[in-house]
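What follows is a set of notes on a single structure, which appears directly below.
We call the chains A, B, C, D, E and F, going by the order they appear; numbering starts again at 1 in every chain.
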């Protein structure tokens, strides 16, 4: 058994979005995405939980200082997405449907370069209390 | 002491909105509403708690059947607002700023005619877990 | 402004119950109580919040020691109702329909004699996270 | 690293149950199951979280539409168990003790045939906020 | 009915404290405060909910901008108490027992001068999820 | 697929602590641990979730009776740490910095000998709702 520990930090942001596939007509988009395809957008309070796995530093007892992790999440993710329209304001979703799955993948890719390569990274994203996703999955 | 009981039912809806005053220019709107004034909208998962106060019916033990209250809330409120852009899709906010305060007042006015006059009605609206409002207040 | 403070203690219990009026036939009970009228019972995790209002004792800073309040709630309420069938096991509901409203009134009456008369008492009972009641209401 | 994503949907149901082994006498059942062996049953608000793992569809961005997953859970699980006495009303527990562990296994087996075979399935069941189980475990 | 609305803002802080009355000997303090009288202190994550009641400003729709309220709470309360030993680091509790009741009264008195006099103010303080207090009470 | 099930039990304790490395001077401790290095301590409400994985006993349907697990956690962990100053009152942290990571490892080592070797054990520790850790990680 290794002495690895997982550490988690929870943040949140509020955003508007609309789900649709621009290659489909409105009827097909409505059939697939239902009320999530409202052309005027709807929105969510997203809760984001970031998980890192690594060995605690023997001098600090930290895998990573969660205050620093919080600052990284703020700089790379929540400052970009909070109080935004994901489809219109965020480069990442100009051509990518902002489902919870895709938002989680985008967030992972935004965070990965900012986190030490020795640490495993996983993100969990709550779109609502009842709908949530996790990426990556081993 | 009367034998009145308060009963509560919690529902939710997800919506986009933007806070601004059309009589002000963009600079003043930004100064007052900050990132809530994003012209492309942002959004929330709203939690709505409806409170009724009355005497339990001696034959049922209910102040009101909360299943029926849930259906009324669905018909009068959440079907109207869920997955909507409050500013653009909802008549009520064409000229009224959709702050939590104003949304709560609007919801109260939508529900009041549908609830027996003998019952006191109050609504609590959570815009986020940390920001919420209540109307009316005695 | 008085220097009164409200103090709250949350406890819980798990119980089975069935809603019905023995004076009505099965058809009417089904019409009124729906699936809550299952003759084989269903159940809930009840959360109970007890509120007391009074002036803090100047020597302790307590309105009431909440550990003592917890013990009283345990003795008078949760030991009676936890892991019980309210209709069959509990004297209080032999002829009283165990709606959340009635359970709250019963709990109030069980607690009132055990709490100092100088303290205002109110109980809030959660039948589920989305359905809850409060008694008394001024 | 695969591009698999885990998606989760939370539902709930309220049910009565009793824990006991019909092959044992009452004394042994009491010794093992304590107050959970109340012959008149007790009950819980069960929270059910269903997890699926798969690759998002490139056209929708969904691993699976969670509205459809919600409908499947409703049809296969919660319509069967909600407001029921698990021991008396549910075929699955006529001879199987309805511990949280066994309920989770039963729910898995009810859902598995209804979910695309390409998707990994896991269920988490909360009997209370403090007692919960997960099945299967790799 | 007035058009008053209650608005709420939730904040938190983490602090150590010890409950005891310096006028009593250790035996009496132990008898009254039990393990809360640990001379080496213990601690809590305190959740603070601040409630204001007033009429929404017709131009903004706000009773008060909750971002401004959040800044006031931070300046007046959480910057003072967060990651502190209430008994040793905080002037307010040099001679006042830091029970939840007394902490709530102190927080009220810190906030009151910073909030417009036209607004009613009430604070709710959670010492744990199960023990909480409110001040003032009408 | 094995028929293993994971079972979870949630407990909590309240404690004071201070983060620092005695080999460093105050300036370096302040730079690394910030306000967590308050020499007078601060505190938290810790939530502890203990996970066991094993096969349900065919006679009981239990992986382990969670009441018994609760008693073991109480005896081995929460009676030791609740309402304590981790640095001063607890042998385990005399020379070990009580970060969430280290507390989780200590709790694992306290529980492991008390749990049947056939059962996999993992602990999750919440220092706050937003900062939490898990040990071990495979």
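Here, a residue touches a chain if its C-beta (ideal position, glycine included) is under 8 Å from a C-beta of that chain, and two chains touch if they have at least 3 such contacts.
Keep in mind that this is a model prediction, so the values were computed, not measured.
Engineer: Please state, in steps, how far chain E lies from chain A along the shortest route of touching chains.
Structural biologist: Between chain A and chain E, the shortest chain-hopping route counts 2.
Engineer: If you tally the C-beta contacts, which comes out ahead, C-E or C-D?
Structural biologist: Comparing C-E with C-D, the pair joined by more C-beta contacts is C-D.
Engineer: Report the chain whose mean Cα position is at the greatest distance from that of chain B.
Structural biologist: The chain lying farthest from chain B is F.
Engineer: Would you kindly say which chain has the C-alpha centre located farthest from the C-alpha centre of chain E?
Structural biologist: The most distant chain relative to chain E turns out to be D.
Engineer: For the two copies chain B and chain A, is the contact made of the same residues on each side, with over half of the numbers shared, or of different residues?
Structural biologist: same
Engineer: On a C-alpha centroid basis, what's the spacing between chain D and chain F, in Å?
Structural biologist: The mean C-alpha positions of chain D and chain F differ by 28 Å.
Engineer: Where the CA atoms of chain D average out and where those of chain E average out, how many Å apart are those spots?
Structural biologist: That pair's centroid distance is 41 Å.
Engineer: Rounded to a whole Å, what is the gap between the Cα centroids of chain B and chain D?
Structural biologist: A distance of 34 Å separates the two centres.
Engineer: Would you mind listing the residues of chain E that make contact with two or more other chains?
Structural biologist: 129
Engineer: Can you identify all of the chain pairs that touch?
Structural biologist: A-B, A-D, A-F, B-C, B-E, C-D, C-E, D-F, E-F
Engineer: Taking the touch rule as given, give the residues of chain A at its contact with chain D in the complex, in rising order.
Structural biologist: My answer: residues 19, 21, 23, 32-34, 96-102, 104-105, 129-137.
Engineer: Spell out the part of chain E that touches chain B in their complex, as residue ranges.
Structural biologist: Residues of chain E touching chain B: 1-11, 53, 56, 59-63, 65-67.
Engineer: In their complex, what parts of chain A are in touch with chain B?
Structural biologist: Those in contact with chain B are residues 12, 14-17, 35-36, 38, 40-45, 82-85, 88-89, 128-129.
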